[in-house]
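Two complexes, one shared chain (subunit A), two partners (subunit B, subunit C).
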Partner chain A sequence: MHPFASYVLRSYYRATGWNEDNLYANLTRSSNAILDFSVPRGLHLSISKAPNGLFNTSYSMNAMPSLNGSVGYIFTSCNLDVKSSGSVRLKDMVERFKVYDQPRRPEGKGEEWLAGERVDTRDYLLYGRLYLPTGRLDALYSTRLSPTLQALVATISDPRSTLSSEKRSRGDNVSNVMFSLQHDIGKWCSEYTYSAEDGMWGVRVLHNFGRLRNPTEPPEDLNSSPGTRPKRVDEEEATGGGLKGRVSAGAEFYISAKERSAGVSTGIRFTTLPDATPPSFQLPQPSSSPLAQSSRSPPSQPPTTITALFNPMMGHISAAYSARVSRDLSMCSRFDFNVYSYDSEWTMGAEWWMRRAASKYEDELEPSLIPPEQPSVPVPQAESVDIPSDIRGVVKARISTNNNVSLMWEGRLKQMLVSLGFVSDLSSRSKPIKAIGLELSYFSAG
Partner chain B sequence: MPSEETKERITKLVEVGRTVIHYGWIPLIIYIGYTRSTPQPTLIKCVVSVPLFDLGNF
Partner chain C sequence: MSFTFEWPRFSDQFHTDAIQMLNNALNKGNKPPVIVDKIEVVELEMGTQPPELEIRDIGDLTMDHFRGIFRFTYAGDAHIVLKTKVQANPLNHKQPDIHIMTGSRGMLAARDPLVVPMLLRLSHFKLNSYVVLVVSKQKGITLVFKTDPLQNVDINSTFDSIAVIQKFIQREIEGQLRQMFREDLPGIIHRLSQQWVKAKVEAPYLDKRTPTSRRRAFDVVSAPDLAYMSPGFSGIGLHMLRQQSLGSLSYGRAHSISGASVSSSARRSTRTPPTLPHTNSLAPDPSSSNPEEEVFDPTYGLRPEGLPTMSVFSSFSRLFTRNMGLGDLAEELREDESLAGEEEQGSFDVVDWEDSIPE
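== the complex of A and B ==
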C-alpha cells in the first residue's frame, strides 16, 4: 500500500503531466510490483487529511516492534484531486503489474497572461516529515523547471548523526542531501544525480525505440489494423504469433571520488503495447458507431513485460518475465544470477485481484489510457465510467528458491485501507514466521 | 587551496544552514500552505488537521 505522501506525489506528477515511468530507475517496476512487495512489519496506523487541494497533513504511528510516530506536511502549487480512503481507486494505492503507456514528450501547462504580464508560475511540491522521538527530518522539494525538465532535492537530516560518530561509521541514520535533475523528451529520458554524503555522481539514461506516440492521436490506433485495410490480391494472411510491443534500453553510471568506487548497470525491457480501448468500449457496438471497426481487429495480446538487467562490475544478471494471464491474475518469474560467484535465485510471484461475488461490471478503466478524444464519441456504455469499482482487494504472493515465502492481502474495510501480510522462512524450523504485520490507513479530503 | 580558517568558516556555515533547514522546513511548509491556500484556512487547521470528525462514519 502506498503511503499517503507517495499517493499525493503521484497525484502531483499526474496533475503536472510528468511521466515518472519513463525513468531508468523504474525499468523493472512491473515485475517489482509482483515480486518485491513490502510486507508491513508490526502494527502501523496512519491518518491523513487534505483540508484543501493544495495542502495535506499526515500522521502515522508504528507500534509493536517499537513505538514511534511521524508527522508530515505536503504542499503543492497545483490543485490535486485527492480522494478519501473510502472512495479512492484501490488500484491507485497499490503498486501493481501494469503495462505502461507509450511515452510521450511531456507538455507544460499553457502560458497564462494577465494585463500583458505572464502570471503562470512554476509547479512545485514541498514535503516534510518529522519523526518522533528521534527528531529525524525527511524533506523533499520538487519543481518543474521547464516542460521537459524537473529538479528534485531530497534531504534526510538526523540530529543524532552529528553526535554519535559510531553510527556514522556504521552508515545508518546519516544525514544526506541528494540533488536530481530529470530530463524527459519522450524518446530519451536522462537523470543526473548527486549525493552529498558520499560525493557520488550518477547518470541514468533510458531510450525508447520505435515511434513515439503523438499526444494528439489516440494511443494505439486500432482502426489501422490489417483487418480494416483493403487487401492486396497477392497479400498473404497474417501468421500471427509473437507479441507486438516496444523496446526500451537504458544504462546507469555512478562514480564517487570520496569512496573511490564506481558502478555501471545496463538494462533492456520489452513491453507489449497497452490495449488502449477501455473495456466498456469493447462491448458489441452498433454498426453505426465509429468504433465498430475495432471489434474486427485481432484479439488483444496478453499484457506482458520482459526485462533483463546486467551489472558488469558485480557480474549480476537479472531476467524477469511478467504477464497478466487473466483479467484478475498477473504472474511473474525472475531469475537472478551472479557470473562470478554462481549464486542464483529464482523467484516466482502472483497478484490476484478479488472482486465482489456478483460482478457485473467490467474492469476499472485506466485513467491514463483513456484518450482525450474518446469521451466525445457517443457510446451507449460510457456511463459505466461512473460506476464504483467492484474490486475488494488484492492478494500478492511470492516464493523464492532461498525458501522465503511472502503473502499479503491489501484491501478496503469500511472506509479504511488495510494491508495484512507475513514473511515466512521455510528452512527454519525454530522460527518459521520471520515477520508479520498489519497496516491501517485512513485519510479524508475536504 | 582555501586556508584552514576559510574551511572552518564553510563548515560552520553548512552546520548553521543544516540547523535552519532542520527546524525551519516544516514551519515553512505550514506558512506557505497557510498563505497560499484559497480559501485561507485557520492557522490551527493547517498545523493540526486530524480527520477525527470524519471517523464518525465508521
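== the complex of A and C ==
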C-alpha cells in the first residue's frame, strides 16, 4: 500500500481510538517491521497533500522499470492532523519495532447532544486509488459501527485480470471484494472476513492474557523499587533477570466452499510492557500530567517481543525474537521450519536509528544508563526526546539463508522523505545486485 | 503389408541425449505455480517391443517424396519417470494485496508453503492410430496422427495413496499426452528429421543454423522417434542431398493437419529449387567428422540448441488453467478451453522459414 495512505490510515485509527495491535493479523508486526521491509524497486515519486483535516490527495509515479502512476484520495470523518513531510516524526512514518501496551477496551466518542438531538456522526474513512495505465482501482471503506465494532469493505478491481486465462492461472487475479468485521473488547479481539473472489470465510481471534488495564489507571512504573514491603523470614532474594510482560495467543481459520480448501494457523506472542505510556497511545490529557511527557528514561528491561506461529496443516513453524538492544538499535532473528518437508530458513535483521551528531554528543555527557532506582517520576531528559529534527534516518538490514541481503535507508532530506535500498544476491556471480530503488515522498498539510 | 523393426536396446548415448532433450523441452515455457522446481527425467526406457506399422495406403511415391497412410500400434513396455517438486498449500497463491490495503497482513501463517517432491511414472503406453507419413528429400519427415493415438497409459505418482489426487493426475496427464501426440510430436519428429536427414546446408543465410556435417543415410537402425519408418525405406531411394526452400509448415491444429501439411509439402516439392552442388551420397560415411562414432545413432549430433526455441510443450502450461485449490480435484468435466488456444503454435524452427523462400 502506498506509505502515505497507510500513514493516514494509522492516524485515523489512532484518532478514533482503535487499537490495531490487537488484531491477530498483526501478531508478528514487530518482527515483520524489522525483517520484512519492502525495498523500493526502481524510482518512485509521490506527492500528497492534505488541503484540510478531512481530505487528502496523493499522487505517485513509478519511473522505472516501467512508467506508471496512481492517483489516490482519502476522506475521513474526523479531523486528522497530518503533518508535513518536513515535520512529521520519522518514527511515525516508518514501520518499526515497537512494543504496545496492554490493550484495553476501546472507547468511542461520547455522545454529543445539541439542542436535544444527537449530532455525533459515525467515524468513517473512505479511500480510493486509481492506477494508471492499468486502470486498477483500489477502494476501502472503514467505519466504526460501535465503540468495539469496526467494519471494513475493501475492493480491488483490475480490468487486466479478465484477460488471458494463462495469467489467471498464475494467481494474478486480484480483483476481489472483501468484507471484514472486527470486534475488539480489549481482552479478546476477533475478526470475521469474507472474500468474494474465492468465496473464503475467515475468522481470526486473539486473546490477551493478564489483567486488563483500566483506562484511567496509570501504568505500572517498573522503575519503582519492588522491595518495599518487609521480607518474610525464609523468603529468598528475587532472582534477577527475566522479562516482565504480557502474553497473547490467537488463531485463524479459513475455509472456502468454492475452492474446497481450508487453512488454519495459531500463534502466541510474548511482549514486554513499555515503561511509560507511549505518547501515541494516550488519550488526550492535560500536558501538565507527568504521564504526558514524552520523555522516558532508559527502560529497565530491553523491549522484547517473542512470537511463535504454527500452521498444523502444512506443518510450518516460525519463531521470532526481536528486541531493542539499545536506544537506537533493534534486532530480530527468525527461524522458519517445516516439519514435513524439512525446509528451513533463518533470517536476521536490524534497524538502526541515526541521530544528529550534536545531540548524540550531548547524550554522552549525560549518565545515559541511570540505574533503576527511584525517581518515581522519570527525570525529564530533553536530549532523549525524539524531537523530529533529532532523528536523521533509519538503516534497515536483513540477511537470510534462503534469499538475499537487503539494505535500506529511510530518512529525510530537506522536506522530503527518502528511502533508498537495494537487494543483492551474493550467491549469483553474474548479477549480484538484484534490485535497487529509490523512493521520494513529499506531503504537506494546509 | 507391414514393416518389421529392429528394436534393440538403445545406446546409453541415445538415452542421455533423449533425456537431455526431454528435460529441455519440459522446462521451457511457464510452469504452473504449483510446480516449484524444474521437471527432470529420471528414467527413460524404450522397452523391448517395437511398434507395429502397417501400410494402408500409399499416396505419392517418387524419388524424393513419399506419402503414405499407415496404421501404427504400440503396446510395449516403455516407461518414463519424471521428478519435480510441487507446492501443496492451496492457499499459497493468494495475493495479500487487498489485506495490505486495510493495514493488516491478511493471512498470517495459513498461506505458508509446503514443498514436497513428486515422482511421476508413465508406463504401459498403448497407442493405436492412423498416421500420415510424408517423407521428403528436402523437408524431412512429417508424421501426423489422424486420430487420437492414446488408448491407455498408466500413471503412478507419489500421491497414489490419496485417491482424489491420483484420479486428478491421471486425468490431467492423459489430456496433456493426447495434446502432445497430436500437436507437439509431429514437430519434434520433423525437427529430428531435419537434423538427421539433411546434409550440408548450402545457402549462406542458413548458415547460422548449425547443420550437422555428417551425412546420414536413411537406413537407420535404431531411431526411436523415427521409429515409424523402417530400414526398408532406404530402398525407396531417398537421397537427401541439400536443404532447399523451406516453406513454413504450420502444425497448428490436429484436426485439419493431415490435409494441410501433406498438401503444403507436396506444393513445395514441386517448386524447382536452384541447383546446388551435389553432396555426397548416403552410405554411412565413416570418415566424416566424428570418426569415433561407432553406433549409427540418428540422435547423435542433435544439439540442444537445435531444439526449437519456442516451447513445443507449451500445452503443459495448461495443466492448471485455473487454480481452484482442492476444488480442481473433484471436478469431473472441465471445459476444454485450452484447445482453442492452440493458435499460437507456429513453426517450430529456429530459423524463420518465411525468410528462406527464394523469391
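Keep in mind that, in the parts below, the second predicted complex is superposed on the first by the 363 of 446 C-alpha atoms of A that agree within 3 Å, B and C clash if a C-alpha of one lies under 4 Å from a C-alpha of the other, contacts with A are read in each partner's own complex, and residues count from 1 in each chain.
Simple rule for what comes next: a contact is a pair of C-beta atoms (placed from the backbone, for glycine too) under 8 Å apart; a residue touches a chain by one contact, two chains touch by 3 or more.
Because the structure is predicted, anything quoted here is derived from the model rather than measured.
Asks: In the superposed arrangement, does A:S142 touch subunit B (first), subunit C (second), both or neither?
Replies: second
Asks: Figure out whether A:T155 sits in contact with subunit B (first) or subunit C (second), or with both, or with neither.
Replies: Both partners, subunit B and subunit C.
Asks: Which partner does A:Y442 contact after superposing on A: first (subunit B), second (subunit C), both, neither?
Replies: It touches subunit B, and subunit C stays clear.
Asks: Let me test your reading of the model: by the given contact rule, A:Y24 touches which partner, first (subunit B), second (subunit C), both or neither?
Replies: second
Asks: Answer with first, second, both or neither: which of subunit B and subunit C does A:L130 touch in the superposed model?
Replies: A:L130: touches subunit B, not subunit C.
Asks: Count the residues of subunit A touched by subunit B and by subunit C, then name the partner with the higher count.
Replies: On the superposition, C touches more of the residues of subunit A.
Asks: Go through the superposed model and pick first if A:I74 touches only subunit B, second if only subunit C, both, or neither.
Replies: first
Asks: Does the superposition put A:G263 against subunit B (first), subunit C (second), both, or neither?
Replies: Only subunit C is touched by A:G263; subunit B is not.
Asks: Using the superposition described at the top, list the residues of subunit A that contact subunit B and also contact subunit C.
Replies: 127, 155
Asks: What residues on subunit A touch subunit B, complex-wise?
Replies: Its residues touching subunit B are 47-49, 51-52, 54-55, 57, 59, 73-75, 77, 84, 86, 126-128, 130, 137, 139, 155, 157, 159, 175, 414-415, 442-444.
Asks: Which of the residues in subunit A end up touching subunit C in this complex?
Replies: Residues 1, 6, 9-10, 13, 20, 23-28, 32, 127, 138, 140, 142, 152, 154-156, 165-166, 168-172, 174, 176, 178, 180, 195, 198, 202, 204, 252, 254, 256, 258-261, 263-265, 267, 309-311, 313-316, 318, 336, 338, 340-341, 343.
Asks: In their complex, what parts of subunit B are in touch with subunit A?
Replies: That would be residues 18, 21-22, 25-26, 28-30, 32-33, 36-39, 41, 45-46, 48-51, 54-55, 57-58 of subunit B.
Asks: Help me check something: in the complex, which residues belonging to subunit C touch subunit A?
Replies: These residues of subunit C touch subunit A: 30, 32-33, 88-91, 93-95, 97-116, 317-318, 320-327, 329-330, 337, 341.
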